[in-house]
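Paired with subunit B in one complex and with subunit C in the other, subunit A is shared by the two complexes that follow.
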Partner chain A sequence: MGEILSILGKEDFYFAMLRTATPVLLTTLGAMTASRAGVSNIALEGTMLFAAFFGVIVSAFSQSALLGFLAAVGIGLFISLLLSYFIVELHSNGILSGIALNTLASGGTIFLLFLITGEKGASTSLHSLKLPALNIPLIENIPFVGKILSGQHILTYLSLLLVFAIATLFKKSRLGMEIIAVGENPEAAESLGISVKRVKRTALLISGALTGMAGAFLSMGYVGLFSAGMTAGRGYIALATQAIAGGNAYLAFLASLLFGFCQSMANYLQNTGVPLQFIQLIPYLSIVVAYCAYCRAKLKR
Partner chain B sequence: MSSKQQFQLFRFILALGISLGISMLIIFLVSKEPWTAISYLLLGPFGSMRHFLSIFAQATPLIFTGLALSLCFKSGNFSMITDACLYISAVLTAALAIRLSLPFPLHPLVILLLAVVMGGIIGSLPALAKLYFKANELVTSLMLNYVFFYLGLFTISKYFADREAGTFASLKYAKTAVLPILVKGSKLHLGFFLALLLAVLFSILLYKTRFGYELRLSGSNPSFAKMVGISSSKVILLTQVLAGMVAGLGGAVEQMGMYQRFNWQESPSYAWDGVIIAILSRNNPALVPFSALFLAYIRVGADIMSRKSDVQNELVALIQALLILFVTAEAFLSGWEHRREVKESLAAADTALPATEHRPATASAEPVATKADLVEATEPAATKAESAEANGLVAATADLVEASGATAEKSDSVDAVKTFPEPGKEEA
Partner chain C sequence: MEVIAGRGLYQIYPGGVLANEDVNLSVEKGEIHALVGENGAGKSTLMKMLYGEIAPTKGKILVKGEEVEFHSSKEAMEKGIGMVHQHFMQIPSMTVAENLVLGTGKSLFVDRKKAVEECKALSEKYGLQVEAEKKVSDISIAMRQKLEILKALYRGAEIFILDEPTAVLTPQETEELFVQLRSLREKGHTILFISHKLQEVKALCDRMTILRDGKTMGTYGVESLSEADISRLMVGREIRLDIEKEPFSPGKKVFSGKNIFLQGEGGKAILQNLSFSLSEGEILGIAGIDGNGQNELCQVLVGTLSANGAELQLFSQDFSAFSVQKRQDLGISYVSEDRFLYGSAPRLSLEENAISRSYREKALFSFGLLNSGKIQAFTKKVLSAFSVKYKNTKQDVKSLSGGNAQKLIFGREYEANPHLFILNQPTRGIDVGAIAFIRKKILDMRKNKKAVLLISADLTELLSLSDHILVMHEGRFVGYLDNDGSLTEEELGLYMLGVKEDSQERIGEAYEQ
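Moving on to the complex of A and B:
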């Protein structure tokens, strides 16, 4: 207990919390956009993995971090386009198509990695680039808070901006209204002249782009390499945090912070003799408990 | 075989063709010896008796997970907890195979029994969360899979690890805790027949019992199931417990049949493979062994290919993904099917119009409901919904398809009636 309290007193802990929350936040926003259009996008896991992979490959060969990032977002868009084609045009079950794309991602990235590097585990032999971290003037000078908020990764800041962007999308924009309308009642939306197909496709593309960024964060953020299965279920976690957020982008931020909290707490506990496997399962367990608690609270209301 | 089934079979073969075609294309793109790779992929499994028999060994766990997921999907539950059930039961099997000392037939029997119980308990968790909290079973099961995976990993590495093994492995299993090998020199063990037996039992459960009927109806028409007084909670819970039990059995069988130590440092993908098996079998337990054998054949071929040529066996993921995508794409080729149906119904109209009594569809479909009692009347409706939900198919087994032929024929003609107004429009 004392150990946990001392961890909670460290500014590094909160810094790590924000950092580990980033990919989940981006993906949660993506899952939310798709979900509001009535699609539960289980392919996020695979999309993120593909994005992480292509970010590393493209940045290694072009020696440009920006190009790597764009490739990650691009592949996110592409996978989502593919998914939307099957869901919207071919009336596939979204969950089954999602599972197919996840299968493709987990095997396909290893296949390609071996083709390019001759290894199946990680891209250690490639010299891939990272996206930068930013120090924010003024804020960095504030005691305690400055150490937490400044010096974060550029995508962490971007993800915070995107929280506002997605919130505004649903509150203010025409597209946001259309997405909500299609998600809640496709027939009614269609009768109002909204193209359900177009709206669903657009929502999926937005979710793909956001998830692409999350993938880029994983492989081009702090580690700077791709390793097989590195997403480790973050795409699935986003489905749970998205459900907890219930369509509200700000709550999505809080739910992702909850994940960040558990994950970085787990990382800190590693030094205290708690078995590794328990540390690894903490984030998943906390999210599933939080999700069930949320569902129970909603039921009682 | 009705024309609808012919169409579905055609569609399945085309989906298979596309999947294999794209995979071949990739082989040609990446390989220096594409023909060698392809011939090992497709013919390798028939290269020797050992390879051929390993198809059956590899199909065994796939049958278990395929059955588990078919049952879940059939009842309309998208729980993926099969993964955790299989993994934890495998861990339990390892523990009991190492620590328990019992004589031969008793040892595996006790292990199988306890593994089934364990699988059932874990399988019930997402169902309970759904019943009590209305938590989505897909979301909870995906999270729980990770929780149980790490718990299992912890159990083995903390209590049963062999420190001298060098890599992650448990101590050796007792000699009494094995499933008998059926053909000497191969890996084909008793578990395969256990899996087959289970497929038969599940077919009976699903199509011959009252619970099976309730399960199918809950899956195909939940609101109607509720109306006729079927307890959805009972179906949700029992289905997932049963699915968990099968998965648990699969985990135990796999460990005792194929391994002497526990070395699953990563969760095997059997549960995810179960998804494609359920899809290929249209959630029909009787077809599960065929789909599993098919997938196992591709797997064995891919393994041989990756050992003997320069193409890696992860290619299987591509084949699997493409198969799922195309087989579940309901509207895939639908334009083509629609035109064909229109043509057929026009032809049918021409021949049938003079003598109305020869047109069973319009006349017989409705009145059935007035006579029979409510529950019975829904039987054809349910099967129709199933055949609509079903996507394409592996009807490699003609006899099984024949069995459902009658109902399918009926839904066919109903469809034909539906398309009647269309032709006029198209010609105009």
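Moving on to the complex of A and C:
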């Protein structure tokens, strides 16, 4: 207990919380956009994995972090376009299509990695680039808070901006309104001349781009390499945090922070006597518990 | 001037169903033109073609004399055609104003303030009162319908297609709608009014076009035809909907329910302290605007919802803890409000649906296994007893017309020979012939000393069949009325709207010790 308290006093802990929340936040926003259009994007996990992989490969061969990032977003868009073709055009089952893409990603990235590098575990032999962290003038000088908020990864800042962007999308924009309409009553939307297919495809593409960024963050953020299965279920976690957030981008931020909090706590607890396997379970368990609590509260209301 | 017309329209659906055959329609500017016909006569198909939802297989559509070819309803809208669907095309979580402007405009952001102003101005101009800033989920059905008309007006509609708009309204609301439609006509708008309620057509419309079996039977001035003439043109034979009923002579008490309470999500009361009983040879009608607890009451009686503390008895046996199946075995039959959602498995065959209630009965088995010959024989018996039109017993229920599917479901429940027959909207949306048939069977039940609980939105039906009528409003009984011939639809409407309410003592009489 004392240990936890001392961890909670460290600024590094909160820094890590924001850092680890970033990919989940980006993916949650993506899941939310798709969900509001009435599509469950189960393929988030695979999309993120592909994006992480191609970010590393493109940045390694082009020696440009920006190109790597764009490739990650691009592949996110591509996978979502594929998914939207299955779901929107072919009327396939969204869950099956999503699972197919996820399994394709987990095997496919290892296969491609082996073809390119001869390795099966990680891209250690490639010299891939990372996206930069940013120091924010003025804020960095504030004691305690400065150390948490400044020096974060550029995509962490971007993700925070995107929270506002997505919130504005649904609150103010015409597209957001159309997405909500399509999600809630597609027949009505169609009767008003809104193309349900177009709106669903657009929502899936936004979802893919955001998830692509999350993938880029994983492989081009702090570690600068791709390793097999590195998304570690974050794409599925995002489905749960999205469900908790229920269409509200700010709640999505809070739910992702909860994940970041637990992940960061788990990282710190690794040096204590608690078994590692249990510690690694904590962030995932916490989301399951949080989602159960949320559903219960909703049922009572 | 002719504003909209169809010339020699054909619609052949994939699979070869001929839904419209050489349909001719001509609607003049500034008239209220009725489109009447039985269900399955091709009214909806014709509407869909006029509104651009489907393209005609053959034939021409003319708008203001100009031939048009619509590829989507958006194109129809651009030509000034507006449609008020039976199922409102609205987004419940959005406000009235947001729904009004949804799908229009091009700007990146939505100007909500302007939307509210436009909504108020439009509502003022046409006398269609709506609350612009309320969420659609919080407004009444009648207001939602006004919103639907406003939406069409907002999109510049001059020709309105209204698909059975009065089906969801009380008599008072219907009267109000008619006033508004007449005022639209005075402003030069044209209205195509789809209905199968002949009194309404006579009260509101100028001319009418009659459809039967996908063909037009001609256009007439409403004054020139009597209701009997219309119904003969619609169905090709004269159908008497007025019913001859034997005097009421109740026998033993069959059913009694006491203290039925039900809470919904968030503790909202859905059913409040309902008590009533039914005797042999009695038809008890339940009136009320849709969604005031009627469906839930049925579910409590059938056993798909449990109301804790309620006392439910059939011939003095308490069945409140029984499963759905045990209740059926006890002698309760149920015809639900939605024939394809609850009443049948639409993609399964007639046989499978016909035995879905009696599949455990020994009569259908040989050597411990279901016998297909016996199943077929049983199915044919039900189908012929209820004069269902079908091709073979293996076809799926979905391929039957609404009226025939309903007769099959009704027949299945009837054949179980129940003591208590619960009928929820038994004749909703089916053709006149099937309506007459089913109503006659309901009276047969009464003659055979069965107890019938009849929930219906069709007040004519309630008034012509019931011995007593209970009126539900917001989950409570607000009226208990003897149907002695002096009761009118308007009177019932006052109760349904919650304007009038009987004393607790009077309502208590519905439950006899």
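Note that the second predicted complex is superposed on the first by the 301 of 301 C-alpha atoms of A that agree within 3 Å, B and C clash if a C-alpha of one lies under 4 Å from a C-alpha of the other, contacts with A are read in each partner's own complex, and residues count from 1 in each chain.
To be clear about the criterion, a residue touches a chain if its C-beta (ideal position, glycine included) is under 8 Å from a C-beta of that chain, and two chains touch if they have at least 3 such contacts.
Bear in mind the structure is a predicted one, so any value in this text is a computation, not a measurement.
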| item | value |
| --- | --- |
| Touching partner for A:Thr103 - first (subunit B), second (subunit C), both, neither | first |
| First, second, both or neither for A:Gly193, with subunit B first and subunit C second | second |
| Which of subunit B and subunit C A:Leu129 touches, first, second, both or neither | neither |
| Partner chain(s) touched by A:Val58 [first = subunit B, second = subunit C, both, neither] | neither |
| Touching partner for A:Leu18 - first (subunit B), second (subunit C), both, neither | neither |
| Comparison of subunit B and subunit C by subunit A residues contacted | B |
| First, second, both or neither for A:Ala266, with subunit B first and subunit C second | neither |
| Which of subunit B and subunit C A:Met48 touches, first, second, both or neither | neither |
| Subunit B and subunit C footprints on subunit A, overlapping residues | 299 |
| Residue ranges of subunit A touching subunit C (in the complex, touch as defined) | 172-175, 177-178, 180-181, 184-185, 187-194, 299, 301 |
| Contact footprint of subunit A on subunit B as seen in their complex | 30, 78, 129, 132-136, 138-140, 142-144, 146-147, 149-151, 153-154, 157-158, 266, 269, 272, 275-276, 279, 312, 314-318, 320-325, 328-332, 334 |
| Complex contact set, residues of subunit A against subunit B | 40, 42, 86, 89-93, 95-97, 99-104, 106-108, 110-111, 114-115, 120, 229, 232-233, 236-237, 239-240, 243, 275, 277-278, 280-281, 284-285, 287-288, 291-292, 295-296, 298-299 |
| Residues of subunit C touching subunit A in the complex | 72-74, 77, 83, 85, 87-94, 98, 102-110, 151, 265-266 |
